[in-house]
Amino acid sequence: QDLVFLSTQLRPIEEAQKVREVILKGAPKTTYVVDEPSPFTVRMRAEQEAGKKTVSLVGALHGELQPLLTFNALDPIDDVAAKVASRGIPAGLMELGKLGSGKQVYIPWMQATYVMVVNKKALPYLPAGADVNALTYAQLAEWGKALAEKTGSRKLGFPAGPKGLFARFLQGNLLPSYTKSMVTEFRSAAAETMWGDFKAVWAGVNPNASSYDFMQEPLMAGEVWVAWDHVARVKDALQQAPNDYVVVAPPAGPKGRAYMPVVAGLAIPKGAPDRAGAVALIEHLTKPETQVITAAEVGFFPVVDAKLPADLSPGVKLLAEGVARTQTAKDALVALLPIGLGDKGGEFNKVYFDTFQRIVLRNEPIRPVLDAQAEVMRGLIDATKAPCWAPDEPSTGPCPVK
Amino acid sequence: MAGIQIERVGKRFGGALALDSVSLDVADGEFVALLGPSGCGKTTLLRIVAGLETRSSGAVRIGGRDVSDLRPADRGLAMVFQNYAVFPHMTVFDNVAFGLRMQKKPREDIERKVRRAAALLQIEPYLDRYPAKLSGGQRQRVAVARALAVEPAVLLMDEPLSNLDALLRLEMRAELKSVLREAKTTTLYVTHDQTEAMGLADRIAVMQQGRIVQADAPTTVYSRPASTFVGGFVGSPPMNFVKVTASGRSARLDALDLRPPADGDLLLGFRGEDVQLVPPDEGMTFVVKVAEPMGSHLLLTGSAAGCPVRVVAPPTASVHAGDRLGLRPDPDRIAWMSQDSGLALDGHA
Amino acid sequence: MTGARRLMFWSGVAALCAWVLVPIYLIALGAFGGRAAAFRWPKAFTLVNASLEQLATFLRIEGVWNAALNSVIAASLTMALSLLLGAPAGYALARYRFRGAGAFRLMVLLTRAFPLAILALPLTVVFIRAGLYDTPFGVALVHTALALPFAALVTAGLFAGIPRELEEAAWVFGCSRLQAFMRVVLPLALPGLAAAAIFAFVISWNEVFAASVLTVRNRTLTAYLLTVLAESPLHYRFAGGFVLIVPSVVFIFAVRRYLFALWGVSNR
Amino acid sequence: MTAPRWIPYALIAPAALFLAALFIVPLVQTILLSFDGGGTPDHLANYRKMAGDLNFTLAIRNTFLLVGVVVPIQLALAMGMAVMLQKMSTGRDIVLWIWTIPLGVSDLAAGLVWLALLQNSGYLNTVLFQLGLLDGPTPWLNAETPVTLFVGIVLAEIWRATAVVLIVLVAGFQLIPKEYSEAAEVFGARSWTAFRLITLPLLKPSIQSALILRTVLAFEVFAVVYALGGRNMPVLVGEAYAWQYENQNYGVAAAYAVLVMVISLAATVVYLYALRTRPETQP
Amino acid sequence: MAGIQIERVGKRFGGALALDSVSLDVADGEFVALLGPSGCGKTTLLRIVAGLETRSSGAVRIGGRDVSDLRPADRGLAMVFQNYAVFPHMTVFDNVAFGLRMQKKPREDIERKVRRAAALLQIEPYLDRYPAKLSGGQRQRVAVARALAVEPAVLLMDEPLSNLDALLRLEMRAELKSVLREAKTTTLYVTHDQTEAMGLADRIAVMQQGRIVQADAPTTVYSRPASTFVGGFVGSPPMNFVKVTASGRSARLDALDLRPPADGDLLLGFRGEDVQLVPPDEGMTFVVKVAEPMGSHLLLTGSAAGCPVRVVAPPTASVHAGDRLGLRPDPDRIAWMSQDSGLALDGHA
């Protein structure tokens, strides 16, 4: 029987087809199955509890793999790590793959990040002196205001809908840019300022934002001209009309231009029916050739040392440029995905979103909200005893919320 | 003013003809009984008058107004359904009160009229029951009470007493008669009980296969049927018909001399009770096959001139199967029909 | 009906048909209109550049036919099982007064009043242990659990309306209870059974969550496409939505006339 | 005839056993989970967390508002449609078929098409625009336009789920002998009165089923709500999902689920009581 | 061997007593008609025999076997329901064939028997129709055909001909009689039509308020009623009862000398047709209130000795309202009842 490769990534229909037809070509015979993150976790947990596995290999985001470890569903794969050592995966990424457990839990598979996509129609309304490639939040706010006034509708967009990744923006871009921290400075004065500024930005954000899950649609519909989202979630717009858009780095705050790299990893469930096949498949997927094909076909970028070909499709090329701009910006500041939170990752996100909701959407006074939500966050961190991760300074013991 | 005029009403169910150009006038306050064999279209006619069935042709007027396109509710009538149609989810009281409530009568008025109708039909003890807990006859009486309670100008009744015992039916009949006469209700009444029709109706309309073949006063229908069908259908035992061939306005049957109104192949019609039993050589010869004592009379079945004949004799007569008798019909009560068409030969009434 | 009333009546019918059909038409527009149509402003109400491309893409997807087969199996099983289990229960609720009838009603609904997805984890564990995981039959079982309460409830409502006398007549003429039920009650309840069957079929056909958690290889069509679709480009979502509508609409078309009794019901 | 006492039990047994076998264990586990204090003796921790959540009161309010508005409208609409079908002489199975098409439309597709209708650059706005009532894409579905958002969701739900009620009612109508409403009409009841006094009471068992069915489902609604309203209209089951999957807190999710269940059952009990029929009042 | 023994069967509906210890033996092949006022418990009794209703007490045997706890299907009987209960979802053919199919009879057999039953009841033209498209009487005939088709050992009929016209009923009655006699079917037959009961039944059982008050041959019931109730209920017009006080086994009513079998307050019962009309001073005095010509006879309603009395006179008698006549009942056909209990004084038959 075929080996089952279950993935939460590359789900959209065209991409899944690419995986089956192109990326997996030459690999051991595989059934490629996709799941949304929610059923994915349930399934993995159920298989673990029932002690009977069908899935041999899982591909998922860092944050989605983390909870699996809390119920001990993943096999340590230090052996595989050794086999792919020669691929040139950066040590930092490999370290993420241990999920703070000391053993290799997943092998990095693909990476991506969050970028800003700008419809060229918005460029004329840029505030005087602003460089679209080096925006600040203040300029973004001004830009949004100008767009709203001149076009009659609010043209900034964030994916703040039920399935949107807006919390990642708050924790990976916004807060670190003002505080160089994701946890410790949560209720600092800088954070207070940040929220004040962001309220100004939000004044230019399309009111439908709380329904947006993927920004490519409002972009294509022309409802939004400036949007922040995960590369995979704007790709479609870029591929359709590569000439209409530019892709730029997210704005910067006083402490820099924070961004959050996203890593998808490959892991083997404990008791996988075909562990050997899974290992072979990991080897296939991390091959530089495969990684290049992956980038070219679906727009996720290599984790290995591989040169992207020059003849990328225009959309993917735009994305690649945007990602490059983000990573190479002078004031770039890496904010890592949360580590060690286990299954509290979701609630961690919720702290950010709730804070946003109360301060920005419901206009509650900033200080008391921050104090209250900081308590919630502290509870979460204490419960998991997670030490700090970048950009917070490393801590001994649970990461403190000051 | 609520006479019913039925004008050339026809009704087809798909291909089948249920009513074939039926015309009937029921005068205001008149009581007309519809009589006819099962399946002849009585219910259909009633339903068309009520507006429950669309007619295929013709028109219906009530009180001079063309109601053909009016909804049942606007025709101002009440009806007793052949299958009762009492509302299963209402108590007997509510059933009987239904029509009154529809007329938005005051509460006490309703109460009073319901009680009166219930008393009339002897269903007072059951006013609080649901119809499912009643016997068949009780249910039927509820249906009648419901119709009487509204004191309608026009009342249509479809075999309203069919499930009652003889005694009760007799009482009900008397009650109905007095109530309806008093209220001057125009009534169209379907029944298969001829005594009922005779006893109640001002006129009887006899239907046959979707047509009204005679509509006359009960005694006329009884003694001067418009056709052999009517003669055979009305009256128990039915009218006897004996084949006679006449020439020169005269005919002879055994020892009997007859004066028919026409020549040719005729039928001599006479009622079993309008006949004198005489010695065999003094009338037409009658051979008795069965003699049934029926309580109030003796029923003799046999044949005369090759035709089956039934005769009513006094209960005390001593006649036995196999006897030969002579029959002498009362010349005043003889009906002459044509053998071909079955229609009566003289146009009386 | 007079002319004016008839006109009003039929306009009402037409308006309601339009109310239903316009959105369906729009789905079709989206399905055949391609990407451009999905993002136009102002929107076009006719098909501008009809394209079968995305529909064709669906039918080319690897495993789509297998998934369709699984869907049909699951939906048919669901229908059969929920009627088989639900109709007798409905009959009991309609015809007998017994201790625990109320409790049973509530228990049946209890399972349904609980959001399924929240049960997904323990349920999946049970299924894996029972060896029902990743089979259309397993999916059908869960879908049956979803459809059964309604099958029982709807048929109970219907059975209650069938004159007892007809059943009694069947008994007198030599039927056992079961035979009387099969020969008299069931045919008379056909409209209700058709309604319950439609409902069961549609529930199974459109259910995504259980179908995707409980299967890996043997996905139903809906699970196979919908999980994929949720994040696909808009015109694909329309196309997918459209593809999924078609079979259930065909099914409803096939059973629609059973919703109407061919005969008038009257026990006299 | 003497009904042996075991017969009804034998009849419900298959269904009961089936549901028990399939559901009782997971159900009990989940209910227990909702009372699990995570090692602490605080058994109501999850409920406290649920009640203290930002969206809790909103979700309660929205859910009840939605159910309270949608279900009665659907019942009335379905009833109207069913009556129309009864009155129709030709083509009624085709009309019924058309009216039940939305049954076959999944949540996703329904949300999609209503979004396409109502969104900024949607079909509704196109029509209004072409009529000169609007000068460009206008948002109807966000927090700043709560009324239109609510109306939009109500419309979508009505479109999507009225057919369920309709088929149950249509099936119920088949069993009401025509003679009763005929009798009512003859006794002076107008169509509406006849409907109210005769048809409705006789249809009560079917109405009861339809209402229970629809209400239970309505309390579980969220896909369409989220498609149209995003996070602007939190509803109970949506919150349960969010806690289960986004927030990965199964305990709070279970608490929400138990709450939804209790509410649905309460509603059901009300229907069972309010619309009970005495057996002797059946035809 | 399929006689029916009903042994002290009682039935309560909640508080109400519907049957009060009813006992009745119907011999194998016998035809017993149940007669009684509406609501007296006839249907209930039939339903208990059929096994459709639980009895509160007593037992039912069929063919000697106690069937009290048997299912209806196992009792080997057929039934015609008062409200027909024809299956609306089956054609007439399938309705009539239903019982035969349940017995797994071969196809041709079914076909033949259905056609025969249908021919008997004249519903052949409708075999392919659904009952909803039939008239009331046609539906009723389907119900009868369905029961006859199975040729049951025991047949229960609940007013099977109530919706048929007189003529058809007469025919059906004759057909039923010959068919049932030929097949030696044990029959329990509820009817409210006394002529039907008289004409068909070997015995008539008269019920009153849940009890059988007399079960005898028709003529006995007619002429020797067991109580005033039976006398009043059976026969049309009902038996007349006149109050008499006797002493020394003798009494006098106007010009009439009577010899009652007992002393005290008695009732003199006599049939309206068992009386001679004599001059006013030669019998008991009878004051005519109404004189109704009924076709075959003249019905006189009036009073004698302060009691209402109805008398049948020959159709030719010239009697008018207000006339005073003398009545002389046939001494052989007089029934004496006690005024207190209403029971007959001499225990004949």
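Per-chain numbering from 1; labels A, B, C, D and E assigned in written order.
Everything that follows uses one rule, which is that contacts are C-beta pairs under 8 Å (C-beta built on N, C-alpha and C of every residue); 3 or more make two chains touch, one makes a residue touch a chain.
What you are looking at is a predicted structure, and each value in this text was computed from that prediction instead of being measured.
Asker: What chains touch chain D and also chain E?
Answerer: Both-contact set = B, C.
Asker: How many links in the shortest chain of touching chains run from chain C to chain E?
Answerer: So the least number of steps between the two chains is 1.
Asker: Given the contact rule stated at the top, which pair of chains has the most C-beta pairs in contact?
Answerer: Looking at every pair of chains, the most contacts join C-D.
Asker: Comparing centres built from CA atoms, which chain ends up most distant from chain B?
Answerer: A
Asker: Using the average of all C-alpha atoms in each chain as its centre, how far is it in Å between chain A and chain E?
Answerer: 93
Asker: Between chain B and chain C, what is the gap in Å from one C-alpha centre to the other?
Answerer: Measuring from centre to centre gives 55 Å for this pair.
Asker: Residues of chain D touching 2+ other chains?
Answerer: Residues 1, 121, 137, 177, 179, 202, 241, 244-245, 277, 282-283.
Asker: When you check chain A against every other chain, which residues touch at least two of them?
Answerer: Chain A, residues with two or more chain partners: 38, 221-222.
Asker: Can you list every residue of chain E that touches 2 or more other chains, as numbers and ranges?
Answerer: In chain E, residues 51-52, 71-72, 83, 136 touch at least two other chains, as defined above.
Asker: Can you name the residues of chain E that touch chain B in the complex?
Answerer: Against chain B, the touching part of chain E is residues 13, 35-39, 42-44, 82-83, 133-138, 141, 158-159, 162-170, 192-195, 198-199, 219, 222-223, 232-233, 235-236, 238, 271-274, 292-297, 312, 314-315.
Asker: Which residues, counting only chain E, touch chain C once they are in their complex?
Answerer: 50-52, 71-73, 77-79, 81, 83-89, 98-99, 102-103, 130-132, 136, 139, 146, 150
Asker: Okay, in this complex, where on chain C does chain E touch?
Answerer: Result: residues 163, 165-166, 168-177, 179, 183-184, 187-188, 190, 261-268 of chain C touch chain E.
Asker: Write out the stretch or stretches of chain C touching chain A in their complex.
Answerer: Counting only chain C, the residues touching chain A are 35, 38-39, 41, 57-58, 61-62, 117, 120-121, 124-125, 127-129, 133-134, 209, 212-213, 216-217, 219, 225, 227-234, 236, 240.
Asker: Considering only the defined contacts, which chain A positions touch chain D in the complex?
Answerer: For chain A paired with chain D, touching residues are 37-38, 41, 67, 152-153, 160-162, 206-213, 221-223, 343-347, 349-350, 354, 357-358, 361.
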